[in-house]
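Dumping the structure here so I can ask a few things about it.
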Amino acid sequence: FDSKKNEKPDIGVVTGLAWTAYGGVILDVEVATITGKGRLITTGQLGDVMKESAKIALSLSRKIVEKMDKKYCEEFDKNDFHIHLPEGAVPKDGPSAGVTLTTAIISSILKKKVRNDIAMTGEITLRGKVLPVGGIKEKVLSAYRSGIYEVIIPQSNEKDVEKIPEEIRRKIKFNFAKEILEVLEIALIGGVENENK
Amino acid sequence: FDSKKNEKPDIGVVTGLAWTAYGGVILDVEVATITGKGRLITTGQLGDVMKESAKIALSLSRKIVEKMDKKYCEEFDKNDFHIHLPEGAVPKDGPSAGVTLTTAIISSILKKKVRNDIAMTGEITLRGKVLPVGGIKEKVLSAYRSGIYEVIIPQSNEKDVEKIPEEIRRKIKFNFAKEILEVLEIALIGGVENENK
Amino acid sequence: FDSKKNEKPDIGVVTGLAWTAYGGVILDVEVATITGKGRLITTGQLGDVMKESAKIALSLSRKIVEKMDKKYCEEFDKNDFHIHLPEGAVPKDGPSAGVTLTTAIISSILKKKVRNDIAMTGEITLRGKVLPVGGIKEKVLSAYRSGIYEVIIPQSNEKDVEKIPEEIRRKIKFNFAKEILEVLEIALIGGVENENK
Amino acid sequence: FDSKKNEKPDIGVVTGLAWTAYGGVILDVEVATITGKGRLITTGQLGDVMKESAKIALSLSRKIVEKMDKKYCEEFDKNDFHIHLPEGAVPKDGPSAGVTLTTAIISSILKKKVRNDIAMTGEITLRGKVLPVGGIKEKVLSAYRSGIYEVIIPQSNEKDVEKIPEEIRRKIKFNFAKEILEVLEIALIGGVENENK
Amino acid sequence: FDSKKNEKPDIGVVTGLAWTAYGGVILDVEVATITGKGRLITTGQLGDVMKESAKIALSLSRKIVEKMDKKYCEEFDKNDFHIHLPEGAVPKDGPSAGVTLTTAIISSILKKKVRNDIAMTGEITLRGKVLPVGGIKEKVLSAYRSGIYEVIIPQSNEKDVEKIPEEIRRKIKFNFAKEILEVLEIALIGGVENENK
Amino acid sequence: FDSKKNEKPDIGVVTGLAWTAYGGVILDVEVATITGKGRLITTGQLGDVMKESAKIALSLSRKIVEKMDKKYCEEFDKNDFHIHLPEGAVPKDGPSAGVTLTTAIISSILKKKVRNDIAMTGEITLRGKVLPVGGIKEKVLSAYRSGIYEVIIPQSNEKDVEKIPEEIRRKIKFNFAKEILEVLEIALIGGVENENK
């Protein structure tokens, strides 16, 4: 995997944190909205658990933005959502990209850029709760190695932060999230608070 | 699995009771209705028996609410029903979430909150009969451990309650159900009796 | 399997007779018609032969009721037919539920109740012929044990009745059918003769 | 398999000849046209070669009747074609039911009855050529045992007739066909010649 | 396989040359256009490579005839294309029927007969290039045995012709093709040159 | 595989570079746009990773050309995109045809020819980044052997160029790309700069 931080903030591109047998890695999620009819297209050799995460992320994103403004309803009717996780040949699976996928989709609908100096991990549920995931230590170390010094991790993983060597830990800004709205407020440039009318 | 009781009553969220090789667990069912065309989307690594339970729950819910008021007919034409069972990576199967799934769907259509201080288990049939299930003792103990002191179980499982240690049994309120309408009357805040016109 | 006779006659619910390695059992077929577009939904872990029986039952039912009255044509265009065989986790297969499935579908379209004091078995063909099936002795004994004293079986199985112990046999009323219309005339309350115009 | 000749001529029902490890059998093909949109439904545990035969039979039937009269074009647009081969649980495969399937479909469209005192076998091609098949001797013997004394077999199988014992052979009327139109002229009551305008 | 040359030229029927473990064979391709909506139906137990060849042949045919005359565009919208390769039970695979499939489809659209005294083989690409194939010697010998004395083979296979025994080779007329248009000009009665406006 | 350079520049045809166990090969990508409804058809025995590359290429191409001119939006609604990789029977897989596929699709939409004297390789992401691939040395040698003296490879593969023997390396013109737009500017005759309005 490419271990370089993205050069600049972009719409529909979010830096996730993944965990492999060889340690943590940063992993981009890319979302493209293309004219269509509400379908979900996934590429990047996603396993069945991750494909289900993408479905959850799409339904949840829909709930969230439609609550912000009714005008977004039709975005879902007239677009397809293509989610790609480079590198395309490496199989990827597990539920921990849930918050990353949701953030990428919402960024692409609201047309708000995502900070490229932050990385995130966390399982998501259909009503937006952020569930704990494994490999927090390895994931944070990989962010650090890639030059990313701020992360968003699940509230329930707070205890895992202590396992990170102190000299690195104190250079990282940790955000603990219980709900997806907290994630969006931090990661999207401009936040989402003004969107709630 | 997360063994904490939900913090507050919510629409489309029901606490189920499941049974694993390691004992009973509480298991949330989440339902989101999203603009669509009557499709059923299931996530959470459901096995084929549980996927069929979700289909039965959807058809049964449709029958029930359309009998309450014709206005609900169109709800099914213009919405998709997304059912998710966290945690997303843990495989789940069996018929015993039938009443839980049905209650969650009906809550989301009627926009009535479900009590968060009650848990339930039971197979459902297409005409709303509640059939007996296994693991009653283990399931009730898991509710107790999670701080939930009221349960709904199938009438035909009444005999299984005696296997629960008396000091716990007397702290639990047991509701025995033969029909899904009895379940809804207890679990939905405000009940469903007024809905029948 | 639940071995109790249904409490009262109902629309879309028919008592079938099945045959397992452990002997005969009674087995309900439930049909729900829900607003849709003529699709067939089957649940209850049906094997591929039984799923095909359901397809045959649907096509045959269509032919029969459309011959009774042209008004039924549109019923098939605007409804889906959901067939469920409790208990949902027990795999079921074979062709011998053909007459039961057909009777349940036709009951649900004509809105005529099915007698709950009668049980039936028989393969069906697309033009309504009733073909012989196995396990007649075991099936009839299971009806008797469940308190059901009248059965419908294929004409070609008449010879198998002699294998049933005489003290039980003389307490049972046997109906032998060659065609599905004979089955409907007996099982549907009010019969179907008046329907033929 | 049921080895009895059908009681009377019917629309959409044709007696085929099949060949199993236990010898020849007669095998009904049933076709029901139901309101729909040109789809093909097959039941009776057909293998993939026989399912393809049914597709060929449907396309060929379409070509033939549309050539007879343009009015038949819309029959294919507004109907589904359900083909069933009793007995429903016995797997069936191979290409030799091609002529039988085609004859049954065309009977059901033209609403012409098929002779019940004749049986047939033969592979069909998309342009209506009748190709040779195996087991002619066993098939003809099974027709004879079932009380059917006239058969249609492929022209290229003429040589196989000599293997049939003479005392039976001379009681059977053999029709040898090279093209499906020859089969239809013999098997459909009233023939098809007048249909060609 | 039937090794006889077709009796007369026909629309949508082309003689191909195939190669098996037992030597070369001639193999008919049959195409029927039936009222529909642009779908491709294949029968004759085609393997996945040959099914892809049929898809390529359909797209290529479309490009070719639409270039000839815009009026053909709607042919593809209102017809299905059924391709069958008798004998229906024999599995067939490989890319070498590409030119044969394309020729059969174009014949059926232009309603031009195909010469029955010529046989062909060759892989096709999406832009109409003819690629070399194996088994040229065996294929040509099978054409000869079937009474066919003219063949079309890929230009790149010209060198393989020398392997054919001279006494047979000099009785055969060889056409070498680099592009599908050269094949069509030779095989379709009347050619296609006048079609290009 | 055919190792000859294409004779002339063409629309929708791009020379890719692939890597097999036997060394590098040049590999054409052919794209045909046919009247349809935005579907993607792939042939040539593509593996699942390469099929995903084709999906990414289609979504990305859509984004790119719609940004150039809104008029291209409808091209995607009224056309199907058929992508073929000859030779049809050889399985192909991997992500490294991403830039080749995207270039071929965009060529076919813009109706701009692709240079036949250039070959390319590189994984593509959904937002158009060009990712590194393996086998650069073998791929460049195969281009050289086929008479192609200019290549486009990913920027991140620049270091691999040193492994190519110097006498060949100095005869090749190398273009290093980070983004797909750089690839298009070089490979499409006339470039794409004027397209950006």
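Note that the chains take the letters A, B, C, D, E and F in the order they are written out, and that residue 1 is the start of every chain.
Operating definition for what follows: contacts are C-beta pairs under 8 Å (C-beta built on N, C-alpha and C of every residue); 3 or more make two chains touch, one makes a residue touch a chain.
All values derive from a computational prediction rather than experimental measurement.
Peer 1: Would you mind naming the chains that touch chain D and likewise touch chain F?
Peer 2: E
Peer 1: Could you report, rounded to a multiple of 5°, the rotation needed to superpose chain B's C-alpha atoms on chain D?
Peer 2: 120
Peer 1: Hey, how far is the Cα centre of chain C from the one of chain E, in Å?
Peer 2: Here chain C and chain E have centroids separated by 52 Å.
Peer 1: Just curious, how far off is chain D from chain A if you go by their C-alpha centres, in Å?
Peer 2: About 60 Å, centre to centre.
Peer 1: What is the distance in Å between the mean C-alpha positions of chain B and chain C?
Peer 2: Distance between chain centres, rounded to whole Å: 30 Å.
Peer 1: Taking chains as nodes and touches as edges, what kind of graph is this: line, ring, star, complete or other?
Peer 2: Topology of the interface graph: a ring, with each chain touching two neighbours.
Peer 1: From chain D, moving on to its ring neighbour chain E, which chains come in turn until the ring closes?
Peer 2: Listed round the ring from chain D, with chain E adjacent next, the chains are D, E, F, A, B, C.
Peer 1: Any idea which chain E residues touch chain D in the complex?
Peer 2: Its residues touching chain D are 2, 10, 12-13, 28, 30-32, 34-36, 41, 43-45, 82, 84, 86-89.
Peer 1: Along chain F, where are the residues that touch chain A in the complex?
Peer 2: 38, 48-49, 52-53, 55-56, 59-60, 62-63, 66, 73, 76-77, 94-95, 98, 123, 125-127, 129, 131, 156
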